[in-house]
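Lettered A, B and C in written order, each chain numbered from 1.
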């Protein structure tokens, strides 16, 4: 098995995705570091989703909550966010608290030492001295991966969880999206063969990129990418889907595809990534919004998802439609991150045992 | 019994205070949501004050501290403050920690998703996915109440505690003020029939408004509102006191009223609410300050209160006077908020049992 | 024994260091308040260093971690930083979490009440109402000491730990530096008689001042202060070292002294203390940096330390040299602060007992 600490940064960077995934994993195949969505194959996804469901069931009782908090009370985690995000931050914080893990945090680059000229590598290496896990969200592409490698060379090679790096990777969002899709269809024939329609800012949204990647683990998914021309999905994503043997369709006509969808995945126009001011605002997005009219075009058994936060792309009146899943996504996010952290510390067997002994 | 989830926002908003209070309560009459001071009648005040005293006594022993932390270790609270306030924030944080509740926090609107255009309702609904209780302080009048209603319509109708909304409501400050008054007079004939002299910025201070409201639960209180003319108490407060059958007096002469007071409640000029810059600074406040001379005019058994923070309206030399209660108010605030949160999770019976079994 | 509460501020301020240290201590000689490095004599340093080593050993097992967290689970600490510093902040946070202490924090003056005109004394007195310990870092020289005195006059005289005040004192950094030096030389003849070469911004760095002071507790240390002329060590430090009977040398030639050093203590140019913009940038610091060439000039058994954060004064290539101790300093800082806090709450005997019963 390939080990991360055996590679120089140059040789590691040149590896293909599968070899990188091996470097970032434990011998049992579950990730040690969670860096990019492609690390998760079907086996890992099933194991994490099952664990998330066991954990949420265990947490319904006081005794179960006590068990969960006793799993990792002796561990401490750093939640290091230099990009603002209450949602993802609090989701990870909740996951840690459920497992009894104490936390330290940075939620804003300016309160740190960095203004004194310290490099990010030094900052993160300092955190590894104090904590057993680092959950990080930063603007710089690839920083989480680089830190995982850097720490593997040190005496404190703690696991890293990428909570969103730059414009390209947000693996745990993809995990919660998969978990939500699985739960929505598990008693209705499963996720295989479904049509997933992604809508909105597909050029810049990292959630769509990661979700499409993970969906290639389920047979027969048809991926439909619907966006204004200026925000169309990148060719690399289309290539990745097709290389996995799945159908990838592009369109600018959301209304036409709504009746075909098993799942509609709405996204927000990510104007914080605009290269020039007001760039996004000039795009006509009126035909890429969901209101009650659009919900009428969708199948009764379809679901509507959104990674949140939303602006006007889903009208608040839609919230009470039983097919609206986005608030459930939030809750699922907490449980799947709890499962991921428990897995990172190799606790899933104990979780499974407790569930079988007490709740099955 | 009226239930919040049975009402549309428009119908709820049109209800009178008593009906609103019922919507916000549990069947046992104690609040589920804590939104405005008027929810607390004499029975609720007595129950909370007794609980606060039991809790502070229990917390004096290591075993008692362990019991308290075991009450709600399985619960998690969000402390959401978009208005800066270390004092109130830390008071609620302390209350949660005493009860074993893990916390997440937002202490500044700018670290949240909101800059991405998310509505406050969506933010708070997200928090309800992660937490079992939301304690909130915001600039917008009525937001806490609206969120309580909004969550009652959702699958996660968690309780809300209003830690201060806009310029009008700060119910837990009123609770700690009542608790302080009760404790100060409990071995000296009680709170009934006392003269309470409020001094300072009575136009804009929300603490005076809420305290006067709660004091109408005690028979025979005489309320004296002393302020510079530009900061005089609002007519609505005078009307509320008189409608409750109590005496309300207004004056601009603090010196004349000091010898009549059982309790003097000083307030700070709230210039953060100025409509134009420097508006408050032009008011002559020299005759509305307390120093050692003013303390000499007060009765030996009188007390001096202040919600803090203070600027120059109480001189530091006064701190060592045994009648200065404001530091005790801070401590009482922590205990009464602990009692309130324990009550919100329906734990007061267990607290009372422990106290009777171990400490009475 | 002198007691802090017996003195007025004026009389206390006029005391010599030894008398001040007595006022700040417990009857057993260990500090109650940790304000300045000079409070620690050899006996206190040995006791703390031994405790830090016991604690880190105990923490290697799950049962040991549970024991440590049970020591002070009933206590609560305020970490009050108005100067940004993630490293020191997280170090203290970690120390508290290891001991089970719940924490509240302020990491930025602007989120507090202070903008409303409250004095720092009032803020800190409020914290003492909620917490059992205050760890503080502020810009104002002497504030921690003044607060210790101020609280001693109140009903809640909680202990204060100075996490760095102004430009002059940073006692816990000195403790971790001493601990690092002790551990590095303990199996090689000890710390006595060693040559310590301090390099860099010696005029403004408070860590050098405090470390030199503590090193005078070890016989025969030779202190060599190497700096650009504009950043030379203050005469008061030279006088303090010589008054303790130790050799103090000044030099501008780092290269000449590297082969003589047992320990090289590098520091960063502290431009945040510049009196005029760009003042430091005009100083030639090229001969005061450590790279692999410089490491070759150092003895095999020497060590290289740095309080961090670093900029370019130590090249990253040096990190893998076994003599580079600065990452170990970070870890040692967490353990020594844990020992200090345990000591502040008089727990060192229990720690020692557990260690002897389970791990010796």
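Rule of thumb we're sticking to: contacts are C-beta pairs under 8 Å (C-beta built on N, C-alpha and C of every residue); 3 or more make two chains touch, one makes a residue touch a chain.
Note that the structure is predicted; figures quoted are calculated from it, not measured.
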### Task
Since chain B and chain C are copies that touch, just let me know if over half of their interface numbering is common to both, same, or not, different.
different
### Task
Superimpose the Cα atoms of chain A on the matching ones in chain C and note the rotation angle, 0 to 180, in steps of 5 degrees.
120
## Note on the structure
chain B and chain C have mean C-alpha positions lying a whole-number Å distance apart equal to 41
## Note on the structure
Among all residues of chain C, those touching at least two other chains are none
### Summary
So, in the complex, the side of chain C touching chain A is made of residues 62, 65-66, 69, 84-87, 90-91, 93-94, 97, 107-108, 268, 272, 308-311, 316, 320, 327, 330-331, 334
#### Entry: Contact footprint of chain B on chain C as seen in their complex
73-74, 76, 78, 102, 104, 106, 110-113, 115-118, 121-123, 125-127, 129-131, 153-156
